[in-house]
Structures are given as structure tokens and as C-alpha cells.
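Next come the structures, one after another.
Next come two complexes, and both contain chain A; in the first it sits with chain B, in the second with chain C.
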Partner chain A sequence: MFEFFQKLDRRWIFLAMFLAVAIPIIIQLDFEETPTDLAHRVFDAIENLPDGSRVLLSFDFDPASEGELKPMATSFVYHCAAKNHKMYIMALWPVGPQMADDTIENVIKEDFPHMQYGHNYVNLGYKSGYEGVIKVIVTNFTELYSTDTRGTPWNAIPMCTGVESVQDMDLVINISAGYAGTKEWVQYAVTAYPDQIRMVAGCTGVQAPLLYPYIPHQLEGLLGAIKGAAEYEALVVEKYKLEDDPKYHEGIRRMGPQLVAHLLMIFLIILGNVIFFIEKKRGGRR
Partner chain B sequence: MKKETLIWTIVMLLGAVVLVLNATLRQHGPAGSAYVEAVPQRFVDVSDPGEIEPYWISYDSEEALDYEICAQPFADIPAEKREDWIRYDQATLGKYLEEEAINPARNPYQFSLSRTIGIWIAAFFTLFIFSFLYKDNPFYKIAESCVVGVTAAYWMVVGFWDVIVPNLLGKLFPEWVKLWAIPGLEEPPNYWYAVPLVLGILLLMRLSPKGAWISRWPLAFVIGTTAGMRLTGFLHADFLSQIRNTVIPVIVFDPTNGSFDWWASLSNIIIVVGVLSALVYFFFSIEHKGVVGKTAKLGIWFLMVTFGAAFGYTVMGRIALFAIRLEFLFDDWLWLIDPIQRRVPIEEVALLWSSLSAGFI
Partner chain C sequence: MKRTIPLFLTAIGGFVLIIAYYIPHTQGWGEVAAIWFDILAAIAFLLGGGNLMKIHLKKISDHKAGWAYSVITIIAFLATLTAGLGKVFSPPSMQYPDMAWSGSYREIGSAFWWLFEYAFKPLTATMFSMLAFYVASAAFRAFRAKNFEAILLLGTAFIILLGRTAAANWVTGWLPESWAGLKLENVTVTIMQVFNTAGNRAIMIGIALGVAATSLKVLLGVDRSYLGGGKG
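This part shows the complex of A and B:
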């Protein structure tokens, strides 16, 4: 047995990981989520805004990070729509507008059919330039966004009347998969205009540890990875009685495979260390 | 035949058999098929005869009630004043079956061959990429090449329509762009945008064998502005603001009742000690001995905990990405699960599994 584990082919580990993730998905294993303080802060930042506030949603991600960020995007858009906030959607990633369209299709058009494009929400689309885009739109939107994704000029969009820059937004919500994303929004928008711009964010697991230092002064709340998404989802589901709509349980549902896969990882780390120390004791490795 | 090859051949054949059974044993068509809803789109030009530009509104909208021309049947409106087409929205098997049971002759939902092919291509490409875990192979290479090619093409198209057209051509020649790309564009020309146009052309000189050196000028401009912008960003947000964020009380009292808040105090002490000890570790002007050495060692511990947390988060992220791909395979492709209840899966899966069991037992 020791020999087997000592020379274990990595493909057995891949197979074990496949089963650890696949089985909970098939049997639909999920658990109740207990939201932490950070998820509460994100929820409160949106919930406590007066109805009909202006919210800028920046979809800075693509299908590669959909697994972590789509549940957050769905919950954010539902929460804003339920509060009747005006949603200004933009993207610093080229595929961001498509991710936004997907969310609009699944959430707004299905559950809020009374909401009108141009009056309640608008997809401003993607602009290249990374942090350069943020730097420009914090003082002037029309410098870059002369039209929305449909080609409608800025001045012809009813909800854009009276909006000059990001400073006119009541809250910025950023869904970020990397560069350009939350870090750049903090650097060039929130830090530069701390009294005018408030922001909450949802990000991938890789970014989360780098963004925690910005809390609470530069970033009001942060949803880190799928765990953060599940916690926020739980709050939205509870508040708006969405227990029966599985569309809003995507993050919670994905925590089942997480648990089993993490248990496997812990087991493998312990196993690796045990083998290492046994080898060391036997004098096989120094 | 090598033992390993034999095993994998058997696994592949079994997989193929399961796929065929999964596709053929279902009552309502093969697994992995997609359905759409045909939504008729009818638009009418309601502009007055004297107006130069047409004004199109939806014939089925509330706004149409305000116009006389929309009072008549759509087919009776003059051909040059109306446009209609069909939009296909994503639908579900559940909706299709529901409508089929009520009114099969006028079912707006229908099977979509193109989207079905899309699901199958996506499923096979997912498997091609996963196959790299076993070892490098031609299927993986095909999928990899497709991703690179499609991404490059996508970036070019998006760059042209989202940036060059509205932000360069639209600023320099708004009247011309209005004719073919952005009908409602109402802006005076801004000739300052000739500067980025010239810089962009200079950048393309990189492709010229003799004039490649010219591209260094716009490149220098890009590097200079980016460096300046990022320097101020980091200095302000990550240096000065982080110092401010670390200046926090180490003894905290609850503002509501004035009692000692030991949890918040402990949290703040850890932040302050962590920042200071990690900074001492990176301070190499003094030898790490005595108090400095012990503080630096504590700093290493804090750094290790940070790296561990980062690793843990990365693992969580990667598992989430893996989970969504498996969910796609099991849900959209194989129809083994239906987490958001888009189909009528319970009987389907029961039928499949009972058939499979009957075949094998």
C-alpha cells in the first residue's frame, strides 16, 4: 500500500478529483449558507440605497471565470432590479457585454418584464483601455461612451440624461476576474474620489486575498470566490423569498462539490506529508 | 496492444455506448438538443412624409397606439413603411412540451439544429481540453488552436466596432459614421482625435521592414502615460491609503454600549503586528538577529499564512470552474441533471437508468 501511494500516478488524483466534483453535482448535494460580515456589507450597500438609485455595474469577466462570477452577477442584477435601481452596465473585458446580456436575459427579461431598456437598465458595452477607461469616465462618460451597445447615442437614452460621470452613480458594483477589475476601480475611481464614489465588488478566488486590505475604507464589501457568491445569494434568497427558484441558488449549489473536493485536497496534503515523513524516517529522503 | 491502450480503448467504447443509449432511449428526442422560441418582430416607420429620417417603432408596442398607420393590419401597411423578421430566443424543452400539449399546430417553440450542434461542439471541446490531463494529444491541440484563433478574431471585431468606429471614426467624421454605423450620432467633429489616429498609424509601421523604428515613438508615448498613470494609482491607493488603513485603534470599545470589544481589538492588533513584522522581514539594512530577527520570523509566519490563504482561494476558484464545466456536460449535454428545472427530467432519467440497468443486469 505504501509503495502504491509512494509512486502514485498523478492521473489517479485527477480521477479522484473528477469523482469528488462529479458525484455531488449528480446527487445535487448542497448545504445551508451562513452569510459572513463581508456578504452582509455588500447586501446592505445595495439594500440601503433609496429605491431607484443609480448603480453602475461593471462586468469585468469572461466565460473562463463564469463558474465563480456568474452566480454573483445574477444575484447583483436581481437585487438591483428588485430595488428598482437604474442599472448602468459596462465592461472592461471584451466579452463582458455578452455576459451582461446573458444575465439581463435570465433575470430582468424573465422576472422583471416591466423593466424597460433605456429607462431601467442600459448596456453601455465594452471599451478598451483598461484603467484608462476608468480614469476617463470618472470625470466624463461621453468622452468614451458616445453610444450604448445597440448604437443608441448617449443623449437619446432616457436614463442617461443628467449623468455626466461615475461620480453621479450612487454605487459602483464591480464583478472582476482580474486585470482590469476591482483593483483598478479602487485605484482610479474610489481612492481618487472617496467622497463621491462608493463601491462593492465580487471577485475570483485568486484575487480575493489581494483585495482584502482595501476593506472597509476603499471597498465597502467584497464577495470572494464562489463562497462569497453563495453567502450573498443566501441573503438575496431570504430577503426576496426566492427559495423555490433554482436560478438563484447557483452559488449555493456549487458549494457541495467544493466541500467534497476540499476534503479530498486536505486528505491528499496529509497523505503526501505522511509519506514524506515516513520516507525521511527510513532515510530515503533528506 | 499495450495494457494501458487496451484499458483506455474499453473506457472510450463504453463512453460511446452510454452516449448512444442516452441519445436514443429518451422519449422526447436526443439529449443535448436545444430549443428556441420564434418571436415575430414587426416594425413600422411612423415618420411624416416630409421627414428625411425614418422613425421606426415596434408595431406591437404601446407606443404604436399613438399612430394612425398602426391602426390597420400589419399586412396592409405599405411595404416600404414596414419591416418584419423572426427573432429566435433561447427556450427550454419544458416550454416546448407544454405548448406542444396545448396547441401543436401553432407552437412558437421549436427544435434548433444550429444551437444543438453548438452544444455538442462545446461538449466535445470540453472533453478535448480535459484529455490533456491524461497526456498531450491531437484533440487537445485542435481545441487549443481553435481557442487561440477564435479569440484573436473576436478581439479584432470587438476592437473595430466598439473602439475604432465610435471612438475614432465617430469623433473625426460623425456625419459619415452616422450614414453606415451609428444612425443617431449627433456630435460635432473633434479633430483632436487625429493625434491618436496618427499615433496608431505610426504603431503599425512596426510591420514595415525599413520603418519599424518609427513605431517606437507611439510605443514610448504608451509606456510613458501608462507608467505615469499607474505610479500615481499605486502611490495613492496602495501606499498612502494603506498606511491610513493600518493606523487603527488597538483597544476598541463597542460604540453602542461602551463595553470593551475584545474581538475587534484582537483583529486590529493582528493587522498592526502583521504589517509591522512583515515590513521588518523585508528590511535588509539591519542583520536579522535578536529582536529584529524574531520580528522578521514572525513576519515570515504572517506571509506564510497569506500565501496559504491565497492558495486556498485559488483551489476554490479552480474547483468552481471545473464544477461549471461538469454541470454543463451533465445538464446541457447529457441531460442527467436539471438543476434549474428547464426540462422534465425526472421521468427521463428514471427511464434511462431503468433501461441501462435492464441491459446490464
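This part shows the complex of A and C:
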């Protein structure tokens, strides 16, 4: 038995990880989420804005991070739409507009069919330049965004009338998978104009530890990975009575597989250490 | 000359951005410099595409190991480029309902949308999700309590792994409210907001000072390594 674990073929580990994720998905294992303070801060930042406020949503992620970030993107857009906020959607990542299209299709067009493009929401699309884009639009949108993704001139879009820069937004929401993302928004937008620009964000698990230092002054709230998404989702579901719509439970649903996968990881680390110490005791390894 | 002009442009661009940050009247200069940067970033896509073609065509012509993958790369690149630029099969737009392929290249039903939805999306998601398997295997083989620092790291990893799931409630949910600070989910938050934040702030300040010093050396022309090793 010891020999088997000592020379454990990694394919057994792969199989165990596959089952640890697949079984909870199949049996729909999920748990109740207790939102932490950070999730509450994100929720309150959107909830406490007066109805019809201007919100800039930057979709800075791609399909690789969709598993972690799409649930929070869905909840963000639902929350803003439910509050009737005007949504200005943009992206610093080349495939960001496609991720935004997906959310617009699933949330706005399905659940808020009365919302009109150009009046309630607009997709400004992607611009190259990463933080260079932020540096320009914090003082002037039209220098870069002369049109939206459909080619409609900025001044012909009703909800863009009177909007000059990011400073005219009541809140910036960033959904980030890396560079360029939340860190750049904090450095080039919020830090440069701390009295004008407020921001909350949702990010991947690997980014979250790097963003904690910006809370609470530069970043009012932060949703870290699928756990953060599930907590925020729980708040939105409770407030807007979305218990029956599975689309708004994606984050919570993914916590089941995450739990079993984490337990497997802990088991593997302990098993690896037990083997290590037995080997050490027998003098097999130094 | 080949080195003097880039040095001059770098110095001008850098100092304009610094001045624009501190002197409100010169803010417009900074905007112009930032727009130039965005234009250059867009041009970099063309250079990137050209470079990709050059490298892979050379690999194919030399019949280097794995040249078949280069063929696939070039076919995928050209197919996506054609589908996007040509707006192939995109539905008619609302402004021009009688014109075929007049809609956006991203519209549902277009060739580009199909490629994104059924090729790019599943491929990138698969690549990323494979990390779970490799991380599990690496944790089993490499995460050893060899010394005190490693034990601290292991302990923290266990707390975070459990604290970010419902297991936290099973393990410490029974603790009374007066001991709430010891509940795993709260210990996780404390580790992230206190220990992690303190460490990260120190690292960030260190990096910022290093970046400022290096930037100054670049702007003043002391550090010219970014220009490459060619003779000027």
C-alpha cells in the first residue's frame, strides 16, 4: 500500500480531481453562502446609488477566466439593470466585448426587454492601449471612443449626451482577469481622481491578494474569485427574489465542486507529507 | 543616430507625462502622449500578426520539428482574420437590412462568432481548467513540511482552502459568537486583510521605488538596455 502511494502515478490524481469536480456538478451539491463584509460593500455601492445613475462596466477578461468571472458579471449587470442604472460597457481586453455581448444577451435582453440600447445601456467595445486607454478616457472619452461598437457616433447616443469622461460616472465596476484590469484602473483612474471616481471590482483568485492593499480607499469593495461571486450572488438573489432563476445561481452552484476539490487538495498534501516523513524515518530521503 | 532618436523620443514622452501629472495646465500634453501610445499599441497588432506569419512560415519552409503545428497556426490565424475583417456570414444590420454581411462581425450567426463560440472559447477554457489537475499533482509531490517556514505556509494554505468553502462552517461553525474571530471564514479574512495586505504593501512600495529609479535612468538615457545591443 505504502509502495503504491509512494510511486503514485499522477493519472490517479487526475482521475481523483476529475471525480471531485464532476460528481458535485452532477448531484448539484451546493451550500448556503454567508456574505462577508467585502461582498456587502460591493452590493451596497451599487444598491445605494440613486436609480438611473451612470455606471461604467469594464469587461477585462476572456473565456479562460469565464468560469470564475462570468457569474459575477451576470450579477453585476442584473443588479445595475434592476436599479435602472445607465450601463456604459467597455473592455481593455480584445475579447472583452464578446464577453459583454454574452451577458447583455442573457441578462438584459432576456430579463429586461424594455431596456433600450443607447438609452439604458451601450457597448463601447474594445480599444487597444491597456492603461493608455484609461489615461485618456479619465479626462476625455471621445478622444478614443468616437463611436460605439455599432458605429453610432458618440453624440448620437442619447445616454452619452453630457458625458465627457470617466469622472462623470457615478461608479466604475471592473471585472478583471489580469493585466490590464483592476490594478490599472486603481492606479490610473481612482488614484488620479480620488474625489471624482468610485470603484468596485470582481477579480480572479490569483489577483485578489494583490488588490487587498487598495481596500477601502481606492477600491470600495472586491469580489475575489468564485467565492466572492457566490457571496454577491446570494445578496442579489435575496434582494431581488431570484430563487427560481438558475442563471443567477451559477456562482453558488460552483462552490460545491470547489469545496470537494479543496478537500482533495488538502488530503493530497497531507498524504504527500505522510509519505515524506515515513521515507525520512526509514532513511530513504534526506 | 539609430540610438539618439529613440532616446530623445523616450525622454520627451516620459517627461511630458510627468509634467502633465503635476501641472494642470499641461494636462492636454499628457493626453496627446497617451493617445500616441494607444495608436502605437494598435499598430503593434499589425507587427504582431506579421511577426507570427514570418516565424511560422520560416518554420514550415525549414521543416523544423513540429512544423505541422505552424501550418495549423497559420490556417487558424488567416481563417479568423478573414472571418472578422470580411464580416463573413454576419446578418444584415438594422441600417442596411437588404445588404448581406452588413452587420457587426460579432453578431450571432457570423463566421467570427462561430469561431469564437465553438473554437476559441472551449479551447481557452480547457487550457485554463487543466491547471486544476496539474496543481493537484504538484501539491502532492512538492508541498512538504521541510522546515518552519514551510509549516507556516502549509498551515495558512489549509486555513485559506477550508475558509473559502462551506467546510469552514463545519469545522468552526459551532464556536460561540464571542469567539467569532476564530471561525475559519473570519481567520481567512484576517489573513488576507492583515498579513497579506501588510506584506503586499511592503512589496508594492519597494517595487514602486525601483520602478521610479529605473524609469528615471531610462528617461535620462543612463539605462539604454531597452534599445537592444545594436551599434548606434
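The rule we apply is simple: the second predicted complex is superposed on the first by the 286 of 286 C-alpha atoms of A that agree within 3 Å, B and C clash if a C-alpha of one lies under 4 Å from a C-alpha of the other, contacts with A are read in each partner's own complex, and residues count from 1 in each chain.
Simple rule for what comes next: contacts are C-beta pairs under 8 Å (C-beta built on N, C-alpha and C of every residue); 3 or more make two chains touch, one makes a residue touch a chain.
Because the structure is predicted, anything quoted here is derived from the model rather than measured.
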Would you sort A:Glu164 into first (chain B), second (chain C), both or neither based on which partner it touches?
neither
Identify the partner contact of A:Thr34: answer first if only chain B is touched, second if only chain C is, both if each is, neither if none is.
second
After superposition on the shared chain, which partner residues are touched by A:Lys227: those of chain B (first), chain C (second), both, or neither?
both
Which holds for A:Gln218: it touches chain B only (first), chain C only (second), both, or neither?
first
Could you look at A:Glu110 and tell me whether it touches chain B, chain C, both or neither (first, second, both, neither)?
neither
Output check: A:Leu263 vs chain B and chain C. Expected answer is one of first, second, both, neither. What do you get?
second
In the overlaid three-chain picture, which partner chain does A:Thr139 touch, first (chain B) or second (chain C), both, or neither?
second
Partner chain(s) touched by A:Glu238 [first = chain B, second = chain C, both, neither]:
neither
Do chain B and chain C land on any of the same chain A residues, and which?
14, 17-18, 21, 64-67, 95, 105, 127-128, 132, 135, 144, 192, 208-210, 213, 224-225, 227, 258, 261-262, 265
In their shared complex, at which residues does chain A touch chain C?
8, 10, 13-14, 16-18, 21, 31-32, 34, 36-38, 62-67, 95, 97-98, 101, 105, 127-130, 132-133, 135-136, 139-140, 143-144, 149-150, 192, 208-210, 212-213, 215, 224-225, 227, 255, 258-259, 261-266, 268-269, 271-273, 276
Chain C residues touching chain A in their complex are 21, 27, 30-31, 34-35, 37-38, 41-42, 44-45, 93, 104, 106, 108, 116, 120-122, 124-125, 127-129, 132-133, 135-137, 139-145, 154, 157-158, 161-162, 164-167, 169, 185, 189, 192-193, 196-197, 200-201, 204
Enumerate the contact residues on chain B facing chain A in the complex.
89-90, 133-134, 154-155, 158-159, 162-163, 166-167, 170-171, 181-187, 229-230, 233-234, 236-238, 241-242, 244-245, 306, 309-310, 313-327, 330, 336-337, 339-341
Any idea which chain A residues touch chain B in the complex?
11, 14, 17-18, 21-22, 25-26, 28, 64-68, 70, 94-95, 105, 125-128, 131-132, 135, 144, 146-147, 151-153, 155-156, 184, 186-188, 190-192, 204-206, 208-210, 213-214, 217-218, 224-227, 246-247, 249-250, 253-254, 257-258, 261-262, 265
